[in-house]
Every structure is written in C-alpha cells, then in structure tokens.
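In the part that follows, the structures are each spelled out as structure tokens.
One chain, subunit A, appears in both complexes that follow, with subunit B as partner in the first and subunit C in the second.
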Partner chain A sequence: MPEFFHRKLERSAIGFVLAIIGVSAIGGMVEIAPLFTIDETVEEAPDMRVYTPLELAGRNIYTREGCYACHSQMIRTLRDEVERYGPYSLAVESQYDRPMLWGSKRTGPDLARLGGKYSDAWHVAHLVNPRDVVPESVMPRYGWLQRNTLRIDDLPRHLKAMQRLGVPYTDEMVESAAADAMGQAAPDSGFAAGVAGRYGEETNIRAFDGEPGRLTEMDALVAYLQILGRLTDAAHATDAVETGSTQDE
Partner chain B sequence: MALEKHDPVTGQTTTGHEWNGIEELDTPIPRVALFFLVTTALFALGYWILMPAWPLGVTYTRGLLGFDQREVVTRQVETAAAERAGWADRVMALDYAGVQADPELMRIVGETGHALFGDNCAVCHGTDGRGSRGFPDLTAGAWLWGGEPETIHETIRVGINSGHDETRMSQMMAFGRDGVLEREQVRAVAAYVRSLSQPEALAGDARIEEGRQIFAENCASCHGEDATGMVETGAPNLTDDVWIYGGDAQSVYASIHGGRQGHMPHWEGRLKPLDLKILALYVHGLGGGR
Partner chain C sequence: MVAGLTLSERRLALVILTLLGLTGLAMAAGGRGDLMGVHGFIVLLFSLGVAWAVMAGFYAPEPGEERLSRYYDDPTRFGIVLTMAWAVFGMFFGVWVAALLAWPELTFVDQAWASFGRLRPVHTTGIIFGFGGNALIATSLHVLQRTTRARLPDQLSPWFVIIGYNLFCVLAVSGYFMGITQSKEYAEPEWYADIWLVVVWVVYFLIYIRTLQRRQEPHIYVANWYYMAFILVVAVLHIVNNLALPISFAAARSYPLYSGVQDAMVQWWYGHNAVAFFLTAGFLGMMYYYMPKRAERPIFSYRLSIISFWGITFFYMWAGSHHLHYTALPQWVQTLGMTFSIMLLVPSWSSAGNALATLNGAWHKVRDDATLRFMMVAAVFYGISTFEGSFMAIRAVNSLSHYTDWTVGHVHAGALGWVAMITFGSIYALVPWMWKQKTMYSPRLVEAHFWLALTGTVIYVFAMWNSGIIQGLMWRTYTDSGTLAYSFIDSLVAMHPYYIARTVGGLFFLAGAVVGAYNVAMTIRLSRQEGVRRDSAADVPVPHEPAVAAQPGE
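Entry: the complex of A and B
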C-alpha cells in the first residue's frame, strides 16, 4: 500500500500539531483578520460620540445585572426586524462598546433603538416593577437601582481603561468623570455645563430618576438606555423604510 | 510497508498491530460518510465562487451572484411597501373623514394600527389603550390636547414636553412645594377638586368653599373657570371621573403639592408619515373619538 500524504502527516507528531493549528486558524483568519484590513467592515461616522461617564456607569450596571441575557442590541438585516425596530444596526454603532452587548437571545425586545422611544418616568416605573406598566411582562424587578447610590469615585479609572483600549476620551474627560456623572443627572447644578461642553449639546442632561438631589444607579441605567442607538445618526442614512411604508405583524 | 495481512474472518486488511493475538482491522470509513464529506466540500467550492467568501488583504472575493444582505433587506422592504401601496396611497391622499368613510380602509387601518400600537405605544398606554398610573387612558374619551384625528396626529408627531422643536408643552406648577399655597390651602383646593366629580363623597366638607376661591385664583387660568380643562394648555378636565395620577385625596394632594409634568416622546422621525396617520386613526377609534 502506498504511503499517502495524510498517513505520513499522522506519524509526525510536530508536523501533525502544526497542521491542526493551521487548519483551526482558518476561521479566525477569514472572520477576524479582515476586520483589521478591510476598511468597509466598519462604516465611517464622524458624528459618533463616546459614552458619558454616567452612561458608561449605566452600561456597567446593564452588564452587571445581565440584561444582555434577555435583550439583544442588534437589529439584523431582516425585513421584520427593520420594520419593527428601525434601521438595521451598523458595526460603527458598537465602535466604543467594550465589550459589545449585541446579545444572542431575545426574551425581551431588542434595545438597539430604544433611546428616546419612551419617557424617563416610564423607564423608572418599568424597572421598579415591570408589571405596573406592562401587565404581561416576565421581566424581573430592579427596584434597588433606585435605592443604591451610584459609585462615582472609580469612574475616572473606568474611563482611563476605555481610553487605553482606544476609546477617544480626552484626559480632561477622565479627570472630570465623577463631576460629569453628577452633573448629567442634576441639570440645575454647577456640574451640568461641563457635561454639555465636553460631550456635546445633544447630551441628555436631566434628572433621569426624577430626583435631581441624589445620584442613583437608576439615573445611570436610564441615562444609558436613553442613549442606545443615538450615539450616531449613521444608521438612519441607510434607512430602508423611508418611503411611506408601514409595519406588519 | 511490509506484506499486507488479511483477517481470516472478514477478509479485511489489518494494520499489523497485534495485542494478545488480536489484530486491529484496517476498515475504511463507510462510503456514505465519504459521500457527505465530498458533497459538502463541493458545496463549499460552489459557495466560494457564488457568494462573498475569502478575504484578500484589503478586499474580498465578492462572488458571482453579487449577494449583499443589506441590499436584500432594502429591496424586501421596498417590495413590501409596494404591495401596500394600493391602500397606503389612498390613506395618505384622503383626509381623515375620507378614510373614516371607507370601511375597507378602516379595516386595514384597524389591523395595521393594532400592530403599530403594540410595538410602539402599548408599553405606556397598555395593549388595550387603558394606560396606567401616570400614563393616560386613551379609551376614556378624555383628551388633553383634543380628540380629533388631526390633533391626535399632532400629539403623536411632536410629543408632549419632548425633545421635538414644536413639542406640545405643559407643566403644572408645584403649588405646595414652591410655596404658592399653604398646606391647608392645598388640602382645601384638593377637596374642592374632588367634590367636582364625587359630590356625594365630599358633601358637607367645610373646606370646599375655601377651595373654590383658591381654585378661581390659582387654577382656573389653565383648567378653566368651570374646571373642565383646556386643550390649548393640555390641562385636564377635573369634573369627570378620569384621573391620570389618581383621584383619591392623597393623589390629588400630591399633584397640587408637587406639580405634574408628563412626558410623551415624539414619534416624527421614528415612525413614517403613513404610520403616524394610521395611529392617529387607530387611537381616535380607541377613545370613541370626539
């Protein structure tokens, strides 16, 4: 019987290990490596802004409470999703998400276009007890968010970590992170002007949980939920449902 | 390799390995597995040629079919819109009375409106439109900003106290907290306001007369002399039995003490003009219209 190539390979321990590594690297080379070399994988969005410290704190709470286990943040290129939720998600919209929270399961609805869809008061009522506003909901309660004071002393270090990962926070943003977090939820305080100055006039600055005097985890989470899908308008440029269409079930 | 050995029972060749007199058969993998292996490999080859597949430095192989998910979904949505154009164009072209006069169009508006309402409005106003505390009941016929389809459309389009440039704006002062009224005065006006809709329950309450005067001086400019509300200011009718924040003594006291400023998001930009029109008709239908 002739010696086939594979039979030879099997008998060389080092050669076989190298072959296994080579074959298992194909997936990464095809799916990951091109993201660094092919420009069109991430769109251009000059208006893309970073998360404010309060929104970043809210994002950390979103991760801590495991919201991603039941809610996705990714509208796929499918007709029913585009018609229900809005324009499909672009890669650039997750540019400053470290890590991304696209999720893979929808027990609740997708949240990628949630920002501005409902009022702050609704978010607070819904998080305290979802059944109060949506009787058929199966979402757990998160009432303690309203009682827990938000920890802000570590926010500069959170921003610093993001900065090291390539998120374009300036050193000034890092230094004033704690003050900016307070200011964003207290529109009448002296800290509010700095937030608008550093993060743009479009930034939501208001008492998210309805109590301007106290900075709670509820403030942070609602601030984060109200910015979802609104860091850039890039996705709306591709809006497929521009021409007088309606939604179907 | 040395001489091939055959197993005497099966006739199969052996690997030449032997353990305690037992020799290992060199059975080839079943044909069917080989068949699937070859088929999937051929499928992959075809896929690589037809579909976007391999990265090539700064570009990639685009495939002969020129497939692009984003183009596909854009086309699907356009096709769906074209399918609906038959009735959608008529809904857009007609005025509200015209659409309402057409039972066939109203049937479609009812079906499409129900889906739109469920996706966008139901979390606050309830699947049945009955709302909950702080979120108005749309079936009660108590319209803050007017109950005609045109005014409902405008409310949906610009929202209330929303971020829209033309937003409807309404704020009830915090009469107690801001020190405009004393605690007893707030109690009195609360009693008067409650007596308007529940005259039996509050009959003989001594504070009502004082409350009537305080109301005339402080509240009538928005709620009207007769407390039936004003659509111009979005001030609710206080003489009916419909309450957004509750009609018990404590709730009415809390509203007068701390003021109220409801917030409804604006939907222009998020929903298409046709969707807004359908929703206006649907919501108008929920409340029995006016």
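Entry: the complex of A and C
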C-alpha cells in the first residue's frame, strides 16, 4: 500500500517538490520558532550592558580573523568546565551577539570569561607573538593589529544597524560612536568622559595597546577581550547556588 | 563551448554579463574605501572575462537543430574540470592549515591573509562549495538527463548556474583572504554573495523542474529525489540562516537578524543540514546513479530507497541541536536533537546497506575496478560516519567529544571517506563517457589514487580519533585531591604528534587528488588529439537508451 502511494507520488514532479518541502520544514519549525516566543529561553539580566563602539569594533576584528574556529565562548554545564573557565554561560550573556560566537572547537581555550583575567600588556604581547608568552602555543601571530589604524568613520552605521535589529543603543550612542571609540582608548582626552556617561562608570577606559596617541585595531580587540563575560553579573549570581550543588556530588 | 549556443542565447549571455558587470561597477564605485569595492572589481573583471570568451565565439556557426536529439553535456564537462581544480585547491589549503597547527610559524609571518583563521574557511569553502558543489552540479545535470531521457530545457541556464556558482565561490574565498566574513561556520560569505547564490540557485531549481516536466520516463528516479532535496532544502537553509541587515548597501559588513541563543540554534540547524542536504543527499543522488551503472546491477531494494530518502528528509532537520549539548540552549531542544540523531541511523544505514547489497554479484568487479572500489569504500565510510554521528549526538558521549578533534575526525571520515570517495568514483566513471574514451587515460593511476586516498583517510581519521579522545579525557581528569590534573596547554602539547600525523594523512589525500586531476586532464587531451566528436554517441534523449541499471530495482 505505501509502495503504491509512493509510485503515484513519483509520477508528479510538483507533488514531489511539495512533499520534500513539507516533510523537511517540520523539524525546524518545532525547534526554532518557540525559541523566539518562550520567555524562559533567555534569562532576565537588568544589569546587562551593550558593547561600546570600541568593543564592537574589536568584536568585528575577532570575527574577521576567524578566531571562532579555535576558541569557543560557551562554558557548558559540566563540572570540569566550570572549574577550568568559570561559571557556565547563560543565554542572556550573548543576547546582543550578532552573530553568536559560541564556537564548536577548542584548539585554544574557551574565552567566555576571559575579561579581566590577564593584563592589557599580556594580551598585546600575546597577540603580537603568542609564543613569547606561552612557548607551546600554536596560535598565529597578529602583529598587524598593532600597525593597523582602527577604522571608526563607519561605527555610527554599525551601531545604527544593531539598533534597528533591537539592540538598545540610544540615538546619542549612535551619533557619538566614533568619538566614543577614540575616547575609550584615550583616557586623558576630552572624549573619555562621554564614554563613561553613556556606557557606565565601570567601562574600561584606558590605552589598551599601551599607546594612547593612536587608535589601533589592537586597542579594539583587547578592549573586546577584556569585556568577555563582563557585560552582566548574572552568571555569577546563579553560580553560588550551582557550585554548591556540584560540590555535594 | 560558445559554439554550442544559439545566436539568441549568445546575445542573452552578453546581456546578462553586461548587467553583472554593471553591478560590479556599482559595487566598486559605491564601495570605495570599503572592502566591498574590491569585490566590485572582482565581479567586473569576472564578467569581462566571461564576456570576452562569449565574444570570441560569437560569430561561430550556430548549432543545427540536430542538437536537440542529443543530451547537452558541455556544462557537465566544464563542471568536472572545475571540480578537480577546486579539489586540489581546497585540499592544498587543508594540508596547509593542518600543518599550521603542528608548526604555527609555517606561514608568511605577520601577513593577515595567511593566518590560520582566514585560511581555514578557504579550506572549508574550497572543499564544500568549490569541490563538492561543482561535483553536485556537474553530475546532477548528467544524471537528470539520463534518468528522464529528456534534454536540458535550454543551453544557457546550465551555464548561468555553473559559472554563476563559481563566481559565488570566488567571492567567498577572496573575501576570507581580505577579511570579509560573517563568522558563521560554513555560511561565511557576506550578504551580497548570499543574494547572488539565491539567484543562481533559483535558476538551478528551474532547470531541474523544467527537465522533470519534459521527462520521457513516467517515474522520477531515486537519484533525482536526492538531487531535488539537495536543491530545495539547501535553498531554504541558506536563506533562513543568512538573513542579515547590512550596515549600508555600499559596505560588505552586515549583522545577522538573530542573536545569541536563537542565532546558535539557526546556525546549527543550518550547519548540520548543510551536512545532510549538501554533503549527504546530493552525494547519495550521485551514488544511486553511478554505482549501479558501474556495477551493472540494479539497486538492491526500492523499498529501502523510499525509507532512507524520507527518513533522511524528515529526521535530519531535527538533529542540529546536538551541536549544542550542555549549552545555554534550552534542554528540551537538545533532547529532541539527540533523539532524532539516534533515529537517523535507520535511514542512514538503509542507504549504506542498500548500496552495499547492490554490489552483490559484482564483488569481483569491486576487486578489479578501482573506480567501483572508490564507490564501495564511500558507502562503507558513509555507514561508519553516520553511526559515529548518531553516537556522538548522545549527550553523555558529546560531553567528551564536543570541542575536541574527535569532531574534526568525524567530519573528515565523512568528507574524505564518503563525499570525496564517491565523487572521485563517479568522476572516474563519468569522464570516459563524457569524452568518449573507453577508459581513463591510465587505469593504474586510478588504482594509485584509490590507495593514496584510502591511506590518507585512515591516517587522518585515526589521528583525530586519538587526539580527540585524549584531549577530551585530559580536560576532565582530576587528581586525587580533587583538582583538575592538566592545564589546557598540557592537552595542546599532547596533540602535537597527532597533528603531524594528520598533516601526513592530508598530504596523502592531496597527492591522490593531484594524480586524479592529472589523469582527468590527460584523458581530455587524448580525446582532443583523437578529435572525437564528443556528443556523437548512441546515448540520446529519446527512448531506446538501455536503462538497465538506471531504474530502481523492481
């Protein structure tokens, strides 16, 4: 009987096309659509802040260089991962991440909680030549980041696009994006105060690459690496409860 | 090749190329100061180059009406050459990135384009889209005509598809070198390249459906089910996953419509089904035609074909979330992904079993004929890697295997063992037919390629199984006092010998591909020297074709 039915289906090209589309559509619809509607999918984190223009520029360098191919940004709910990297990652922590950079391979370690773990100088030295800092490392050198001036003229458009997609950037943040990028890496300049005003007093404002006079791609990438895992404290709040239970095991 | 087009088709080709060239010019002008400008120039040069070829042949005599009584295979021949070129290109970069993980300084120090992060997508795109995609397009146009006994509906659209598709690949790869990427795995090209691929794909689908409508066979053969599923589902996946908002129409950069957890789910729904419908369904279509043809045996079971086809089409679409076990993705989605991944073993092994059972009665041919042996080994690796895939999707196994080289090994068991082997087998079957030769230029070189490929695959896969499992175990090993036993860098140091072994395995495989490309080139040369009229054989669209093996076993 089913064979008979299929022999009929095989005689109609359009019927076959529609059958393929219908059968293949079900799985995605059941798994993906509810993620946009079920509120519990993403936790509430009122303290969550957006990336500053400099950090966003740094994130774009991270994606441009394909860092995700070797570094994950997703700590799983496993004891050894929590002890090695820190509290497991929450969905809310990447809610402004377009694209998400959870990654799929750890040729290098996870970076979800990298922010604040090392000094800026360590990062700069490590990026210029990883083997100066970690002799066994197989990471590529990224010396050109130090030489390349950061492009900031298009940052307002970047923020504007994010704003249109629903990231809570204010119009003021969009307008002053280029100045804020300069200010965040030049603490003594007139632009620095505005950054703290718009993104919060806890924003890292310093010459990330050690040269306050010049805004380089190194500044941006280090600013981004230093904020990883620090946009919200939500993960640390649940951590108290969760590590309590893992230690009982 | 232009000589095969009618005058109106040549004119239309020039119109399309003019439009494309103008688009390139607009991108170059609007995108000055942005990387998009460079891509504009590439598009412009590309269309000028193709237009030059069309002009050169513009006044060649038109083909006569008798062409309509023959199949149209020029695009397939062109696609085969491109397939071999992309194979060598993609595998070369594969060996290079493999070597970089063993010897990180083996590059042009401080050259951005030559760093691992930019070369790695060159490898993956070169292989998946360059090698795999061209192989699928070239073979599908051949299989489609033979199994429907109908000629392609026109002569221009297949050229549009194959040349347009390669423009997409060129934009993708050149973009990575310059730093244009969305950083979405296996969907790296930016928005304008994505839109272009949609245009190409719509034309590809129209060729397929129009030819099917003109078919002289009442039933649609199983190979075409798979090729159709490949075309349709890849279109849906590509569009949904790549929805993005460009920062400006004159800039390469865009931001995806989805963020965080939703983006992760869409990405792996795409990523896993790119494996399913690009790297599995399309190549199963290849297998269902070329294997029975070469073995001269009908497909073992029609019912198994049905079960495996609809099983794959339905189950695979649920399986993507197994890439996100123990992450911030809600657990109910993870569980669904695991469940369907395990169920997937049924249709997967139905296909693999169906293929191997088809060889019953032809095993002596497998022994003697390296081409058929390529296909047999492909079916075996298909069986192995689908079993491994279902196994790795189990949450507890995944906790060990995820993020490690085991995943890389699994992918390559599929990509080298299944995708590349079935492709090389099919190409070795197809090339003599297409260039009207009795055999390949050198059957012994086919034999050599087979052993190089098999040795390379086995070395590669064993190296990665070892390194992956060791890595996973080292990360979770505790000392007696309850602290982690190994630092991350300890685990990296332990990988070094396996990374060298993997490079060696890759070199074997690359050497095989070079031998294959040489063999194909020499076969073509031989055919040219003999001045064989390529399309003059008895293999014609209207009935009479001996279609012994082309029918599902009844």
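As a working rule, the second predicted complex is superposed on the first by the 220 of 249 C-alpha atoms of A that agree within 3 Å, B and C clash if a C-alpha of one lies under 4 Å from a C-alpha of the other, contacts with A are read in each partner's own complex, and residues count from 1 in each chain.
Criterion: a residue touches a chain if its C-beta (ideal position, glycine included) is under 8 Å from a C-beta of that chain, and two chains touch if they have at least 3 such contacts.
Because the structure is predicted, anything quoted here is derived from the model rather than measured.
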item: Which superposed partner A:78 touches (first subunit B, second subunit C, both, neither); value: both
item: Touched partner set for A:196, first subunit B, second subunit C, both or neither; value: neither
item: Subunit B versus subunit C as contact partner of A:48, first or second or both or neither; value: neither
item: Which of subunit B and subunit C A:6 touches, first, second, both or neither; value: second
item: First, second, both or neither for A:102, with subunit B first and subunit C second; value: second
item: Partner chain(s) touched by A:20 [first = subunit B, second = subunit C, both, neither]; value: second
item: In the superposition, subunit B vs subunit C on subunit A residues touched; value: C
item: Subunit B versus subunit C as contact partner of A:160, first or second or both or neither; value: second
item: First (subunit B), second (subunit C), both or neither touched by A:30; value: both
item: First (subunit B), second (subunit C), both or neither touched by A:136; value: both
item: Residues of subunit A at both interfaces, subunit B in one complex, subunit C in the other; value: 3, 30, 38, 77-78, 83-84, 88, 134, 136
item: Of all residues in subunit B, those that touch subunit A in their complex; value: 1, 4, 13, 53-55, 57-60, 69-70, 72-74, 76-78, 80-81, 84, 88, 92, 112, 115-116, 119-120, 122-124, 126-127, 132-135, 163, 262-265, 270, 272-275, 278
item: Subunit A residues within the subunit C interface of the complex; value: 2-3, 6-7, 10-11, 13-14, 16-17, 20-21, 23-28, 30-32, 35-36, 38, 40-42, 60, 62-70, 72, 74, 76-78, 80-81, 83-84, 88-110, 130-131, 134, 136-144, 154, 157-158, 160-162, 164-165, 167
item: Contacting residues of subunit C [partner subunit A, same complex]; value: 34, 100-102, 104, 107, 109-112, 115-118, 120-121, 176, 179-185, 209, 212-213, 215, 218-220, 225, 228-229, 232-233, 236, 240, 245-248, 251, 253-267, 269, 302-303, 306, 310, 313-321, 323-330, 333, 336-337, 340, 399, 402-404, 407-408, 475-476, 478, 483-484, 488-489, 492-493, 499
item: Of subunit A, residues touching subunit B in the complex; value: 1, 3, 29-30, 33-34, 37-39, 77-79, 82-84, 86, 88, 113, 116-122, 125-126, 132-136, 238, 240-249
